[in-house]
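Shown below is the structure under consideration.
Order as written gives the chain letters A, B, C, D, E, F, G and H; numbering starts at 1 within each chain.
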Amino acid sequence: MNQDALLSLLQQVQSGALTPQRAVAQLKLQPFEDLGYANVDHHRALRQGMPEVIYGSGKTTEQIAGILQSMADAGSKDIIVSRLAPEAAEVLGRSFVMEYHAIPKMAIVNHDTAKPQTGAIVLASGGTSDMPVCEEAALTAEVLGSKVIRLYDVGVAGLHRLLSRMDVLSKARVVIAVAGMEGALASVVGGLVSCPVIAVPTSVGYGANFRGLSSLLAMLNSCASGVAVMNIDNGFGAGLLAHRINQMEGIG
Amino acid sequence: MNQDALLSLLQQVQSGALTPQRAVAQLKLQPFEDLGYANVDHHRALRQGMPEVIYGSGKTTEQIAGILQSMADAGSKDIIVSRLAPEAAEVLGRSFVMEYHAIPKMAIVNHDTAKPQTGAIVLASGGTSDMPVCEEAALTAEVLGSKVIRLYDVGVAGLHRLLSRMDVLSKARVVIAVAGMEGALASVVGGLVSCPVIAVPTSVGYGANFRGLSSLLAMLNSCASGVAVMNIDNGFGAGLLAHRINQMEGIG
Amino acid sequence: MNQDALLSLLQQVQSGALTPQRAVAQLKLQPFEDLGYANVDHHRALRQGMPEVIYGSGKTTEQIAGILQSMADAGSKDIIVSRLAPEAAEVLGRSFVMEYHAIPKMAIVNHDTAKPQTGAIVLASGGTSDMPVCEEAALTAEVLGSKVIRLYDVGVAGLHRLLSRMDVLSKARVVIAVAGMEGALASVVGGLVSCPVIAVPTSVGYGANFRGLSSLLAMLNSCASGVAVMNIDNGFGAGLLAHRINQMEGIG
Amino acid sequence: MNQDALLSLLQQVQSGALTPQRAVAQLKLQPFEDLGYANVDHHRALRQGMPEVIYGSGKTTEQIAGILQSMADAGSKDIIVSRLAPEAAEVLGRSFVMEYHAIPKMAIVNHDTAKPQTGAIVLASGGTSDMPVCEEAALTAEVLGSKVIRLYDVGVAGLHRLLSRMDVLSKARVVIAVAGMEGALASVVGGLVSCPVIAVPTSVGYGANFRGLSSLLAMLNSCASGVAVMNIDNGFGAGLLAHRINQMEGIG
Amino acid sequence: MNQDALLSLLQQVQSGALTPQRAVAQLKLQPFEDLGYANVDHHRALRQGMPEVIYGSGKTTEQIAGILQSMADAGSKDIIVSRLAPEAAEVLGRSFVMEYHAIPKMAIVNHDTAKPQTGAIVLASGGTSDMPVCEEAALTAEVLGSKVIRLYDVGVAGLHRLLSRMDVLSKARVVIAVAGMEGALASVVGGLVSCPVIAVPTSVGYGANFRGLSSLLAMLNSCASGVAVMNIDNGFGAGLLAHRINQMEGIG
Amino acid sequence: MNQDALLSLLQQVQSGALTPQRAVAQLKLQPFEDLGYANVDHHRALRQGMPEVIYGSGKTTEQIAGILQSMADAGSKDIIVSRLAPEAAEVLGRSFVMEYHAIPKMAIVNHDTAKPQTGAIVLASGGTSDMPVCEEAALTAEVLGSKVIRLYDVGVAGLHRLLSRMDVLSKARVVIAVAGMEGALASVVGGLVSCPVIAVPTSVGYGANFRGLSSLLAMLNSCASGVAVMNIDNGFGAGLLAHRINQMEGIG
Amino acid sequence: MNQDALLSLLQQVQSGALTPQRAVAQLKLQPFEDLGYANVDHHRALRQGMPEVIYGSGKTTEQIAGILQSMADAGSKDIIVSRLAPEAAEVLGRSFVMEYHAIPKMAIVNHDTAKPQTGAIVLASGGTSDMPVCEEAALTAEVLGSKVIRLYDVGVAGLHRLLSRMDVLSKARVVIAVAGMEGALASVVGGLVSCPVIAVPTSVGYGANFRGLSSLLAMLNSCASGVAVMNIDNGFGAGLLAHRINQMEGIG
Amino acid sequence: MNQDALLSLLQQVQSGALTPQRAVAQLKLQPFEDLGYANVDHHRALRQGMPEVIYGSGKTTEQIAGILQSMADAGSKDIIVSRLAPEAAEVLGRSFVMEYHAIPKMAIVNHDTAKPQTGAIVLASGGTSDMPVCEEAALTAEVLGSKVIRLYDVGVAGLHRLLSRMDVLSKARVVIAVAGMEGALASVVGGLVSCPVIAVPTSVGYGANFRGLSSLLAMLNSCASGVAVMNIDNGFGAGLLAHRINQMEGIG
């Protein structure tokens, strides 16, 4: 509730249109719906420019269906369900207008495919095995309205593959660099471009990779300036943040 | 060397203005100066929009002086020396036009104070002890040309301190959230704003803080979308990235 | 064996009612029953105000049945079996009067449903995925005789959901704050209330969550005073401790 | 700002005693004073039953003095400054009415020594080397108004030392168990008493103690029910929480 | 090959009974049999007082059978196969005279049940869930010829269960203390007895147990003197070492 | 693209045989084929002396088949697919000329069995359970053209097994030392030979092995000089590096 | 208090020689002296065969002096003060009959030099830098009455140094193996002898040694049977345990 | 002692030139000198191609002097003392012919400066702060007789600096890649060359660098084949191993 809304409410109290008691009640009235197991936030689209995203892992299919129904009833579009098991997707697909992407295990409900995709997010990935995280990032940004150019399998062990795409990289407004193992891609990309770089470590690797720790630490310690890091395998977060940066308006 | 430069060089070869042999040499000609112990990169300002930054830790005063001289000779302005010990600062201050900020241990050489500061970066910090990291971030962004609004000591244990500044937060183009201990500030801020949030964990704390690990992990796991994380205590990187996002041009 | 019992025993020796040899034997007589694989502690209800709890994980169904039988024979009520697999629950349900809660995988044997629930424990949880831990805590406290008010899905990324329930929070005698990921809920709650707060980190999350490490460290480093922390996913311990605090008598 | 205050404010608006505009301003008026580097929270005594505590580590003597002055001006009593270096204490002692405890490096400013100490907190410690943490806990609880009984050097390697004090332990309303090394004291105490136990791991030890990690993990994994854990060396937090539990009123 | 054997061999060379070439060959002749995938050590019984033990994990059933056959052919008795899956045990049981213990997943081939069991090893365990590790230790020591007294479920949360068995503990020549979770049993036992104590941490627990790390660190940091620690879940090693200590001869 | 190729290209531009525009295009023409999900690098054999290796883990069977087809079409021989599941191997075996090694889960496609094996790599392994890693290393080196002598099960707990093979060890040009658990083999071997030693820690072990961490750290800390370490379980990398060292030409 | 003492006490009660009230008092009478900051345990010599050891680290010189005085007054001999800073040693040396060993920073007060040293403990050490830990172990065992043979600098990188001392090793009743870095010495020694081996990891090393973690983990994972491990740098504990094993009486 | 020496010794026994007893003695005669605190290994030059290196850290100046004297007396040349404090160097410089390199804290005693330097080791370093480790590596290899070409400050954040030196890199027989922070240099170099690459992580960095852990893990997980890793900051080991590889003779 912002200052204007508060002022308006208080003016209603002053004018007698609202009793103090009801005003208190209204101040408490929250822009979310309590399902018991979840508080669905219908105003997030206003507050943060996007509908609530449902993190599918650890929720029952029934809980997800309940949240989706609540959001659909409120007219939400482009609802993302991340980390959704194929079995749950199949069940939910019967009740909702939903497209399911198997590689990133991600569903989009009530997808507004007419929304234009603008700007330029370049997604560079270390290897084929990083695809699930990459696609989670790319689809998220695309659903939100950003244009995404994918550069797959341009890891640093074969540097010419990345350098040959400098033309694409140099036109990016934001770069998402996704890599497992030693995570060096973020530093190399960070040294080649002047736009913001979002680094996403993946859990791809084995042994002293320790489920993504090696690439996470490497990316946090990047000697290239201007690189910020997401949680291991957090493609969704990277896609969302890249979209926000991509869609920034000019200062004035 | 971008595509245009390459095309131009090849056209000179075609026209006979350049022999193939000299073209090869020129292709190798690098925009840096080799000091033996360092390769000073004079074209970084062009390539990445800012001069090279000197990471002072682990370098001798003589090495820093040598790099500074090389950059000054090339006409660089607003050269940042981070993590510079006060003793070294005193020595260098005799030879260079330099301002030294004691709290973040950071020097600015040949500061162009006439440069305008535009846009709006809000820097929110958990507690007074986080100041060195905050100032490193804020000064970096200011030197680069961004306007920075500081909100100090607005940690989540006294939430009203942060909520009372919603007016400031809501006008930010980017927020830098700096916090040690449990690093919860990033999540709380991330849930309140719709602009990009850069989280900087600090090593402030003790015991199970493990020199910043607790806040680092907390920020990486933020349940608020759109939060990206820097290395522990990396104020400089946050300031630079925030500046880049703040100065983004609009798409169209 | 407390001082009074010891004095009484020695007086019986003095009076000749007991020979020294039998007194030695009695001093050794323990208030537990040795099943070979387990020492069932029948006096715990007296000593600690509650029957022994059976930690189901790592025990065979036969062992659990044996312990339950021993306790049931001794007249115990409200016996909690935590971390009980559904398969084992089904088998045990045939021999014992038992209710099984599938979400927290917890059984209550010989539930005394007539016991009144008093006081006020507020259980606040970060997200829907934390439900198993929450229910383990809530049911434990309820079985022991405390009243529990559940606030589900009030995580800090949508702060208004929590703030809208300040009325409930402010009436709590104890708060249990359950959260995974960055565990910030404990700090935020800790700053809003003046009663004791028990923080329970959960293993909900992925990547740099490292199976609950991120929320554990965050909660241990809470900048809010008066927050104490349980083991990751230890809903039972939180419920028990909250009950003890809730049921404290006044000093005078 | 609680519900009553809000209602009262709105009634003033209704009655015309307050214009909506001023009400908005007042709603924003925060109960803290902004010193630039710190937001001193003068209403914490009301909101949480105690004045703000100053965490001395990482603050300059000047900053601490500024905060103290602001609090003293507001009439605060019993202000605790924790982790205060002896040198800083000496300087501050010249300007404030302050007692300094060298072992826990803790100062109390404007100590209200007339405040009665009630209830019964028992503080049990593993060894002599844990004294700084113990005294931080004990003094905190005493300053807040609780009675503290100290049982020093009752570690589990000599169990009879602890068992001989069962009379004291059994009368506790809360126990604080402080131990380094293997931290077993918490479990042993937790099995002997039925009141809440607050465990404080200390960094006392060497080698595989890893600065308190061994005792922290041991305490978190306590097989005794009803034990909650503080951060390593967090005597202050334990003292505060113990005081809150100790001072609980009866249910009614 | 000890000094006597070497001297004897050289004397044969000197006497002409052996050519230098054959002596070289013989010096190389190793007391093991090379199966390609394994070097079976037939002299270990001589060198270390026990036959080679087969660590079953990570070996195929065929490889285990091959090693067993080689040892059986050499007349070995009391061959221990540890960490042997039930399926493999069933297959091997058809070809060898073998008893299989399901709880510790351990087989004994060609068990010499007539061997007397002497001395006194007391095995104390924290809880029922530790049984697999306990039985691995106890059976190992028994097979080797030591008498083992088991005290199950005497964890420190119910100290009276352990204290009531002081008579047994005080007669031990060695104690094996097995515990998961916080591993406090080792310290408590270590403080009660004067004989050597071998501590075995188990991976029983969850959350901040980190698969046995908590009990391992606790045991390594035991404040009780004279406690040495085995790897997590290493019942076999504890049983063997306890046997060696138990069977020590007097100095003389 | 090396200097000679660049010179030649520029000479074509000078001579008019190539327009500058086509030269730019050609400079970008990369020696790899873009399959969308992978960039197959057909020139690696030239650049690094071996074809690209396919890391099978995390790729779908279809993706592996696509990459194999692309390489086979380009005439590649001796293509290694590491970490290939038996099920995928079976499918791929229908379409490609492929031998599959079940223990190291490794396939060789279009194996040129006529290639001679030269030099001398000695592979020493701690135990039978390390075989998968050993065979991955040995087969890799053999496919590349090196001769490999295997010394299995020569761990340091039975030192005579290793010492009896000093003749073999002393003739090695390179030694690969593979061991899990405490990884001591690398140090012992490193002290016995004067050639380069490549140490490969394996994840064989349990408890405080922490999935290979113990052997990794031990090998990195080897007190024997001249030992370098690969990632845990990285047999392939060890085989490749050993091959490169083995095949070194003499200086003069 | 053992069973015999208890029986005797009860018989005095029966005979009227002791009132029940005094018996209770006596049962509580503890064999320690409470100094406020320490409970000095005068009966430990009886209970565990040695006087209490004073862990010097973290205690003030005054506290150590107080404990020493209490023990000296009780007639204790051979009191060990471990981890005693040279400055404190100098002060204490003025008041007590004390010898101070600078390398292991260990003092012996009221040393009974006439006590014979029997049995055979062999102490093998990896390198010269491990001397402080070695001497702490050796001196402890010698003070307690064991004979110690030192084998310094016999690390596994030069195996012949260790093998040349097989004669000494083979006569040991117990071996203490002390090593930093990769800690391989424990495994090698463990494979060569049939007596108990006590492994002591040291913090000697750098980098991935992580202050002793590498040798600790290596020793815990020793593939040699019968090796038990002490805390990092815990020479005292090793010396004590070795002494206990060395002094074992024969079974019969 | 190799097979030839053994055969020769036994032939002397057969011929009567040696009694069996003396042969035993001789077999035991070790090529080292026992200084009590150190076993100086005079035959290492023969056995491993280089004199023993003295690791200066953790040894007293007297101990180092003793070892040096023993080696000098045996005629050793080019003795390396690593990690030697400047103060100790100054003292030792008075007694030995020694050159001291202050940056890598390394001394060379009896340096044979006439020894030719052959082959080609290229040392590439990430930044100026890595110089101490680089110089330790370079000097070691040079002292041993290898030619070293230094490429300083060619980190991946400014890739053109490295690519401009491809001519040098491509002529290397071995590359040593030294880098702190994210350690990406090893992967980039590994993808550019076909010779062996030795990666040395350094502890340069801060925060989530965790004293070199980030670069260590990154290098271990290098996606470039043929990269082996040394301990953090282990320049000496890298220099030695690089020398061994550089000096390899051709196969036939």
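Note that contacts are C-beta pairs under 8 Å (C-beta built on N, C-alpha and C of every residue); 3 or more make two chains touch, one makes a residue touch a chain.
Only a predicted model underlies this, so the values are computations on that prediction, with no experimental measurement involved.
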**Prompt:** Looking at B-H and A-D, which pair shares more C-beta contacts?
**Reply:** B-H
**Fill in**
Rounded to the nearest Å, the gap separating the Cα centres of subunit A and subunit B is 25
**Request:** Report, in whole Å, the distance between the mean C-alpha point of subunit G and the mean C-alpha point of subunit H.
**Result:** 38
**Prompt:** Just curious, how far off is subunit E from subunit B if you go by their C-alpha centres, in Å?
**Reply:** 58
**Message:** Please output the residue numbers of subunit B that touch at least 2 other chains, ranges allowed.
**Reply:** 3, 127, 158, 207-209, 213, 216, 220-222, 225, 231-232
**Asked** Which chains touch, pair by pair?
**Response** A-B, A-C, A-D, A-F, A-H, B-C, B-D, B-F, B-H, C-D, C-E, C-G, D-E, D-G, E-F, E-G, E-H, F-G, F-H, G-H
**Asked** Can you list the residues on subunit G that touch subunit F in the complex?
**Response** 126-127, 155-159, 181-184, 186-188, 190-192, 205, 207-210, 213-215, 217-225
**Request:** Would you tell me which residues of subunit D are touching subunit A in their complex?
**Result:** 3, 6-7, 10-11, 13-14, 16, 19-21, 23-24, 27
**Prompt:** subunit F touches which residues of subunit H in the complex?
**Reply:** 2-3, 47-50, 53, 118-119, 166-167, 170, 173, 193-196, 198, 216, 220-222, 225-232, 236-238, 240-241, 244-252
**Asked** Tell me, which parts of subunit G touch subunit D in their complex?
**Response** 1, 28, 30-32, 36-39, 41, 44, 55, 57-59, 63, 83, 201, 203, 211-213, 216, 231-234
**Message:** Under the stated contact criterion, what part of subunit B meets subunit D in this complex?
**Reply:** 127-129, 131, 152-154, 158, 160-161, 164, 204, 206-209
